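Down below are the structures I want you to see.
Paired with subunit B in one complex and with subunit C in the other, subunit A is shared by the two complexes that follow.
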Partner chain A sequence: MAFLTTVISLSSISLLLSVLIILAEIRLNNYGDCTLDINDNDRVLTVKGGASLLATLSEQGIFIPSACGGKATCGLCKVRVIEGAGPLLPTEEPYLSEQERKEGYRLSCQVKVKQNLKLFIPEDLFNIRAYQTKITQIDQLTHDIKGLRLSLIEPESIRFKAGQYVQLYTRPYGNVKEKVFRAYSMASVPSDSKAIELIVRRVPEGICTTFVHEELKVGDTVQVSGPFGDFYLRGNANNLIFIAGGSGLAPIRSLILDIIEKDLPYQMTFFFGAVTRKDLYYLDYFEDLSNKHSRFHFVPALSSPAAEDSWSGETGLITDVVARHLDTDSDYEAYLCGSPGMINACLNVLNAKGITEDRIFYDKF
Partner chain B sequence: MIMDIPAISPIMIFFASILTSNMILSNFLGMCSFISVSNEYKTASGLGKAVLVVMVLTMAINFAVYHAIILPLDLVYIQYIIFIIIIAATVQILEMAMDRFLPDLYIKLGIFLPLITVNCAILGITLFMVIRNYSFLQAILFAAGSGLGWWLAINALAAIREKMARNKLPRGLAGPGIAFIITGLMALAFVGFSGMFSVQ
Partner chain C sequence: MKQTPDDKRIEINLQPGTLSADGFLGNDSRDVQSIIRADQAVVDQLGLTHELIAERLKQLTEMGKEGLGAPVHSGPLEITVEDFRGRIFCPFRDRAFFGKRVTVCKDQTSGQSIRWSDLNVHMIEKHGFYEGQGSPFRVDPILVHQICFQ
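Moving on to the complex of A and B:
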């Protein structure tokens, strides 16, 4: 009998307390629906409050990198929260620098969604996907550069910022037994979201470029993933300079077309450098573009034109050409894409012209 | 087993439990968090406040449960279990309520609040209440006094530790070692209060 009393009373006390906790949980831990305003109204999600930001976002299909799974031990899940995150927690402190704290960075695994949040997530983080694509067009742009157009099969469309890149996966071919991937900038405009265009220059012995140049045929399916990269328009100056060499034209083309399409009020000058006439491509395309748009200027330059080129345009190293066209009074923002040699040489020239590092963005390959 | 309620004024119990029978400095209860969370004055003070609130709250609930359930049903032999699950549940609910209504304090206390569940001083005062057969008023003032005393002690220790944070110490003494020594010295100093009044 005493045994029974013990069991019953202990069980009922535990039960009562559990019910109380559950009630409290329902009553107190229910934060209702909260809206997450991501990247300045770019995406507005309505979510159920109460869980961590990391878990909430992943439920919405936005995967913030996290190695520890939300225990505040890896410090990878940093996200910039502008509003609604509450004060910084002691658990986050070891992972955030003074600068990051000032900018509002938080560990998303520690921030609880209790109210409407305003946050910034790098575009590429919630956009990265693997895409099945089909080659719909291959253009021989120069003797060693091909332009590819890939239409997206699954998913059907891609969101990216002009200037970003994707990774292209090869199939095993010839002596290459494994699947590799290489990064290529997208040359197409973001509004052309059902397809992407890549420009691939053949590199001697290059696994992926050889694959593209030798193996790929129209109608083939290939896998790409992306978008990646932070080479995109900042737009902090009125004059934009674009400098490209070889297949570095790709992201520049995307940026320029995007600006023209959106009718943004920038003066643009595009310096496109090559050795001889046969290395230049899209010449008519950009000349046509500069005739149609008064704010866009196209300056192709050859470093050593061949006699038969009958070249009347700019000659000389691209750095010299750039130096000739810039005046020191205007404010510039520069976007560079090309070989490391070209970029480093251009950085020197631009610095000499008074353009500071924070106004120069480049993609080296 | 019917005992008489001790004939001590609740006010006396209140002051005695702050000074002469301080939970830490004379009973040495709740030492784990006392030693480990006393590096910084601010957090120590936050923990002290949390202990105070939880002490009063759980004392009230445990008192009611003791007199309404444990004594009538003759469950004294499992009272420890009952008390501890009540403390755990109270802390849990309190935590949720604070998360909701006092996010600042909740964040400041951080992990200390759940840790209070296993703070011996919390269970200790309930058990003292049982042994000494306090009345409700005595029990509540005893809890409040004990909480304040605990707060006072951890504040004092944290202040001293913060003050001497940069002092050079023999290697073996740095950290908890010196904290125990300071606690001992503080306890000696508190003995001085015993002339004022004594309740046990």
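Moving on to the complex of A and C:
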């Protein structure tokens, strides 16, 4: 009897403790309604607490740039929070300079909305919108690169600067249980405002690129948000140099097409580097463009052409090819998009040719 | 032994679809600690350490980077390093993250090849984790020894 009483007592205590823990969790994780005071009372939003600031703002139709989907790996989602963000987290530290910390900048993906917040968001971010789109074309551009054309459904058109990017949202598939998003530059020209084109290279084991390469079909609807980014034309020199590798061609294509379409008076040279012929794409497209427009020159280059490539164009590392083509006394501005290794190597070459850092713009993977 | 919340999160991170499409465990039915212990035994038997292996892999990646995507040759080895868009977190929640760089090292004499990411090198060095059997990015210590330590 005493044993039974002990068992019942212990079970009751366990049950009571479990209930208390559940109630405490509900209480502690329920932050209720919180107020977001944006830009000194310019916009005051009442939101449900508990989610990240990035996600909360997104729910409100305010899209902060992010390339990693809120995992604190890209450092793009910086927002100035004056009050209510709590202490700086170690995950944010690598992305924030001393000055930014002093000014209250935080990674919005790491700040949880637990209380009322006061924050500042640049006005141009309010122009960023979510778009429902329909895939109207998928092209296999190389063995691991696909080109997508997405027609805009709602809203029906987009305004962006050539060189900017959008975020593409996946839907759950296979083992991927959550929607993720990743950043891709638009390859299309801004005047083609009812659609956008993206170029997506397959990343080994990549969640979003596997979705694009294996799941996405013509006719599917997908969400994108944008436009984002400050990789766009400055145009402070007479000669523009463009250098790209792999899917880095996307924003460069948009920039070149936009300049040609607007008949801007720049001399342009586009260096497109790849390893072998199978890694090159849009070759005929850019050669045709170069034949039609005397101010545009196209220099595709292979660093290690295969015997079967029958390649008669430029060969060597893209850095060597660029160095061979550039004078040291010309008035250049350079736009680069590609791997960190390629960009770092090209920066050295461009600096050696006398192009100063303030005239070099790049979009590093 | 009971799992801590952190252990549970690490286990989730290693599963397919969390940080990478196919995850880090492949078709291995063992738990992470068993995989690590088994590889530790193999590494000991080879007379190597995780640090030595990581150091060698880093050295080969550095060599390969010179090719900007094209193969670089060092003795019988052909090393190709490719950078892909994006970054990836270490699943062990140590706040480390890496660019998606993949190094492929081929022994041109035997025809054997092995690939690793910068994240692999970190996981070997800091966590003694070579990924589970059948995982797309498993870095088999025996294969590393055969190819990279000639």
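Keep in mind that, in the parts below, the second predicted complex is superposed on the first by the 240 of 365 C-alpha atoms of A that agree within 3 Å, B and C clash if a C-alpha of one lies under 4 Å from a C-alpha of the other, contacts with A are read in each partner's own complex, and residues count from 1 in each chain.
By definition in this document, a contact is a pair of C-beta atoms (placed from the backbone, for glycine too) under 8 Å apart; a residue touches a chain by one contact, two chains touch by 3 or more.
Keep in mind that what you see is a predicted model, and the values were worked out from it rather than measured.
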Touch check for A:Arg359: first (subunit B), second (subunit C), both, or neither? neither
Mind telling me which of the two, subunit B or subunit C, contacts the most residues of subunit A? C
Can A:Thr91 be said to touch subunit B (first), subunit C (second), both, or neither? both
Where does A:Thr6 make contact in the superposed view: on subunit B (first), on subunit C (second), on both, or on neither? first
Output check: A:Lys114 vs subunit B and subunit C. Expected answer is one of first, second, both, neither. What do you get? first
Which partner does A:Ser247 contact after superposing on A: first (subunit B), second (subunit C), both, neither? second
Which partner chains sit in contact with A:Ser304 here, subunit B, subunit C, both or neither? Use first/second/both/neither. second
In the superposed arrangement, does A:Val275 touch subunit B (first), subunit C (second), both or neither? second
Both subunit B and subunit C touch subunit A at residues 90-91
Sites on subunit A touched by subunit B in the complex: 2, 5-6, 9-10, 13-14, 17-18, 20-21, 24-25, 28-29, 86-87, 89-91, 112, 114
The subunit C residues in contact with subunit A across the complex are 15-17, 20-23, 65, 67-71, 81-89, 95, 97, 99-100, 102, 136-137
Spell out the residues on subunit B that touch subunit A in their complex, using ranges where they run on. 65, 69, 73-75, 78, 81-82, 85-86, 89, 92-93, 96-97, 99-100, 103-104, 107, 110
Where on subunit A does subunit C make contact in their complex? 67-68, 71-74, 90-91, 174-177, 182, 201, 203-207, 209-210, 245-247, 273-275, 303-304, 317-319, 339-342, 345, 365
